[in-house]
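First chain A sits with chain B, and in the next complex the same chain sits with chain C.
Take a look at the complex of A and B:
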């Protein structure tokens, strides 16, 4: 066999594989309902927010404009071509004309130009110009949009990290328990049931309250995720254990055992691969729980702490009906939470319809 | 999601209230409705530890003297007059002859002596006894006849009139229970209201836990108005128990209550709606308490095995503290957290304490450049961009806390943190729930900096547990065996001196000096004081709120239609 032919064949195979992969995704995409497509796009956008927050957010999320608390969202106007050197878009700066009522008026005598791809941001204003608040500002005069973008880091990642922890823990314990059977199985499952019978939200509150002060925001974040994952792995382990127990008596597992396969081999080569598809679907459906859990904790002041932002702690300002009535834009983080939760649910449902073996028939 | 649903429901509730507002009959029945945040813990005036209980029985019991909230001076109460003699070491009260308990028994000196005996009983825990000790010894009292009480002090003791301001108990009702050792269990909240024997302007008629406490007018009350007509003029009172302030606000708007104390953000909407709701929104005055950042200087927290934590050196370095004082953006806090309805606090005593507040202190202005200069000069230099170090080059990092659930404090901490960040000082902020915070302050002493508030009183000696180095509320280093610094020793000395002079105007200079020392030494940095408001129905007459309470509450009535 000569070398060029081999190279050609290898390249050909690579192209074919690539085509196969993209084709599969394309096929899935075309088959999916509109809601699923929208969900996928939305989640992708949120993860872009999270990954590229410094780029997407126009301002530092902790920067306080102390003369502009609770400023309403500003409107953008296209700039006339003669002023394109300053920027293509501008807004009128807001002036606080009644500090007690927090009533603002547009200052029509001035303009603040919103520049695209400027100073390392997707869009922002010149450092000495009045700020542009796309979604308004919150009660300390910080830009709500920037905080939502940075908040996506916490709120969008908490689900992934949490699921990664509870998923691996649940799958290991569940599959092991199902494979072993007998006393070990009963003991592990009773432990899981005890864990599941704890009133989870109060348990979460108690655990969150003992997080030592003086930890950095990142450390607090991971502790909170770990706490939430610790609460949810047991239910997951029970389901996996049930599947593993039924797979254990399947002919191919019996065959592997009869051929002298070790317990580890049975676990990793036969049991876990059989349940992992279901587990993946289940995991995607449990992500919203983490997002909501974090927002509930933050709402009570036990989650991510100021000045770091998460969608939950941004929403905590909206606990007061007064505030909502006068500054309705502070509910925007709530829309982001609902959108993310809904998107994960649509996507998870879709994945279950496609990949759950019980639906295959 | 749940929060969102609650929010939507709340908005709907606001709108709903505007549409149908029930008519009330408060004016027709001359009954004043207001709200309180929690259930009382006890109806026993001596055992009270919480403010809800104090509100619940406040109108049922009285003391020998009362304070005029407008002048902050003492006025006759159950005692019609009193005089000092024997070089200010004897105080004689002459009691009113016309006061009757609600069961018809006369009020006499026996009741006063009985109440003092109960308060001094070591088996009965109460918050009054500390104010009634002179140099650790109880006050001796005797009754030469039924309507005279003579109080003898080992030395002149200026706060005595304030100390004698305890609610008097009916001896004929409670003496039996006290002798039998059951006093701590009497007059709990399960007592039928008709068995609570009082002599105040109102008597309790009904208590429904978590709902309301109702009162009727005491027709035998001793006070008369200028024309000799009996007081109080109201026929009844109802305190609704409403734990959520948002709900209280809605209830006031819907006409269920007649009086409401709005938060800063509610003042403007109420003023706007004043005409429609037929209410008056009035400024009451400046908060009487004090809200400050305290810095831990307790060696028990910092010194372990003879090695002191650097934070101990920073917080006891007056230059460091002065720089921090210049980094508190009080105007920003007023604008952002209080909607402009607050004033910068300079002294730990409120300006509403007209006699004892020192008006001559000069505030540390907000000036980050000056703060940076002070730090630089004292050796706290930038060690790398954005990070300032102490003279030994260790980065400046400390923890900041406050109690959870108070958004205003959260915001104030966020502002302080942001400004210190600009100076290169890292602050790790984490609020703690109230119980955990109190434990840290009282027991473990494991805290660096805390934003905390204390309530204020007219009598300056009431703050002695906070000001004296031996006090348990001497928050930056409590219960010192002997004063840790010369200035703390000086405050102790001034506290002693201040109690020796009876004339309040002559006393004031001792307390002015204490305020000056705290202002210079900065164990804590004062922040701001809210300007408080009250909203009430226009149909209420003679309603004169002050920060120290209502002026002449007995004269309040609803205007006849």
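Take a look at the complex of A and C:
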């Protein structure tokens, strides 16, 4: 007797579950292509790097092993079961056998055990043991992998912060301009065109170079973001303005206007909600630009300064051709930049295909 | 057309003034200047520093200095570089040539590669070739140019086939005309490839989507219905129309190209405008920085103008009246 009601409740629950945002994410996930899934996983990993750097990095990014500059990446070996009490993995410590050429040889007589979940790190070595360099060390003997993990903080955040700035600026200016029309509109758009025709990289160089050198890393970070957002918001505003102008004459906006809706109400209740989805997708496509811009500036020595790490300034050691030839692992941060940019590209492209049908190729 | 030209050139003037003023103000408002950098050297006496400051006019207010600089520009004088003590024009001239050569050759390379590949890929839509190349193009768009530049240097060192850095050999002055051209080309290949690869990827994708869009247009169906051979349909109807956005892209791509060139120059140590600007900016050599920024701006604006004019020439649907209305 109770059965139909129970079934009904169960069905209702199922419907409710399917409507939840977790279900929506699940549906999107199942529908996405493999490349998109991989990109999402990769970015998630990078954000974990950024959020939990002290945990993920095996060492302090500033710790120097003065006797081991430019050490090549070490190989991991699985430990035999009899030695599992020391750790499951080990590496042979490296010995600098030619300090001039910085040539290293594995010391096969000893073993450095790499322990997992040890001393508050995902993996690290015992305090008195020689270090384990997963991706080699740089010219001051600092662990490159630890520095990459900490560098993820800068590179992963710069896109989000930059997009947040240019997004809010662009959407306000663009929507306002589109709503107003007439003289204000064309004046604002001419201004945007001026901004867009700036030789952006030259301009970026000229502005970034005057960042005072004594600033903290955080302050430098925000200055760089501000400069890049200042250069890039205009193009964004123009796109939004185009959309807003077309929404302006839509019947529901006309109706709201006829009912005596104030300009602010029109803007915040009708125009901005209409364009914000599209704008978000469009903004996500500009994240790689920020990552590339920051790494380029840091690479040239104008961005994030030592001893803080960013993927760009880790590469600056490679500016000397000889370094690339002898210590190629110095280029690994470049792989991280490429991977992050590619993942954002795949993801942004996917979002655009899903949520902006007008632009689908 | 004259009206259009006059309008565009007139707009350039306030544009250039705005850009240069922002750069000038940014350079001047931050504490420290060229002379302050020298003050770190104990061998230079304070009197000499004072004298230099007065000579360069660095002790004067910002607006006055900017007005002076602008007055010089109006008389086609770019000023004297503080660090090199030569007319900025002599420093910039050869550098502009190098940068323009690099940008143009990489653009030519991009087009020569991207258009045929885009056509092939679009004609064989969804084939394995198409999928592979589309994936590779994503890869190409994602690898930053400076990282490619590092790889290129590594390749040049490893293979020994290409010179590393510089835009010409040390004995360039002693060469005859043809050897000079060959020498330049030899130094240009790798940087142009590095700079152009991202462009190849994105233009290829654009070409592909353009062709796929046009392939189903009414006039293409008409052409087929008339019984025209497929090659003529492809080249005269599809390709011809698919090329139009490329002309516009050429102008706007120039901005990216100039910016990218500045970066590739710095990494690969090429004597271009970008490297000059970078060094000048480090030394706070204001006239040199301003000269480079001005050059970059003018190159960009003229490039955009030429692209618009080319579009009007190529696409009969676009003329100067519609351009002006934009």
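Here, the second predicted complex is superposed on the first by the 339 of 361 C-alpha atoms of A that agree within 3 Å, B and C clash if a C-alpha of one lies under 4 Å from a C-alpha of the other, contacts with A are read in each partner's own complex, and residues count from 1 in each chain.
Keep this in mind: a contact is a pair of C-beta atoms (placed from the backbone, for glycine too) under 8 Å apart; a residue touches a chain by one contact, two chains touch by 3 or more.
Worth saying up front: this structure is predicted, and the values here are computed from it rather than measured.
Engineer: Do chain B and chain C fit side by side on chain A after the overlay, or clash?
Structural biologist: clash
Engineer: Determine, under the contact definition given at the top, whether A:334 touches first (chain B), second (chain C), both, or neither.
Structural biologist: A:334 contacts both chain B and chain C.
Engineer: Please indicate which partner A:206 is in contact with in the superposed arrangement: first for chain B, second for chain C, both, or neither.
Structural biologist: A:206: touches chain C, not chain B.
Engineer: Between chain B (first) and chain C (second), which does A:306 come into contact with in this model arrangement: first, second, both, or neither?
Structural biologist: first
Engineer: Contacts for A:324 in the overlay, against chain B (first) and chain C (second): which applies, first, second, both or neither?
Structural biologist: Both: A:324 reaches chain B and chain C.
Engineer: After the superposition on A, what does A:141 contact: first (chain B), second (chain C), both or neither?
Structural biologist: After superposition on chain A, A:141 lies in contact with chain B alone.
Engineer: Touch check for A:66: first (chain B), second (chain C), both, or neither?
Structural biologist: A:66 contacts chain B only, not chain C.
Engineer: Looking at the overlay, does A:194 come into contact with chain B only (first), chain C only (second), both, or neither?
Structural biologist: The answer is second: A:194 touches chain C but not chain B.
Engineer: Tell me which region of chain B runs into chain C after superposition, given the options 97-105, 439-447 or 493-501.
Structural biologist: 439-447
Engineer: Counting contacts the way the document defines them, which residues of chain A are shared by the two interfaces, the one with chain B and the one with chain C?
Structural biologist: 209, 292, 295-296, 299-300, 315, 318-319, 321, 324-325, 331, 334, 337-338, 341
Engineer: Which bits of chain C are touching chain A when the two form their complex?
Structural biologist: Spelled out, the residues of chain C in touch with chain A are 15, 18-19, 22-23, 26-27, 29-32, 135, 138-139, 141-144, 146-147, 150-151, 153-154, 157-158, 164-165, 205, 208-209, 212, 255, 258-260, 262-263, 266-267, 273-274, 277-278, 281-282, 289, 292-293, 296-297, 299-301, 304.
Engineer: Which chain A residues qualify as touching chain B in the complex?
Structural biologist: Residues in contact with chain B: 62, 64, 66-67, 69, 98-102, 139-141, 209, 213-216, 292, 295-296, 299-302, 305-307, 315-326, 331, 334, 337-338, 341.
Engineer: Which residues of chain B touch chain A in the complex?
Structural biologist: For chain B paired with chain A, touching residues are 1-4, 6-7, 10-11, 13-14, 246, 249-250, 265-269, 272, 329, 332, 335-336, 339-341, 399, 401, 404-405, 407, 410-411, 413-415, 417-418, 421, 428-433, 436.
Engineer: Under the stated contact criterion, what part of chain A meets chain C in this complex?
Structural biologist: 35, 194, 197-207, 209-212, 288, 292, 295-296, 299-300, 315, 318-319, 321, 324-325, 328, 331, 334-335, 337-339, 341-342, 345-346, 361
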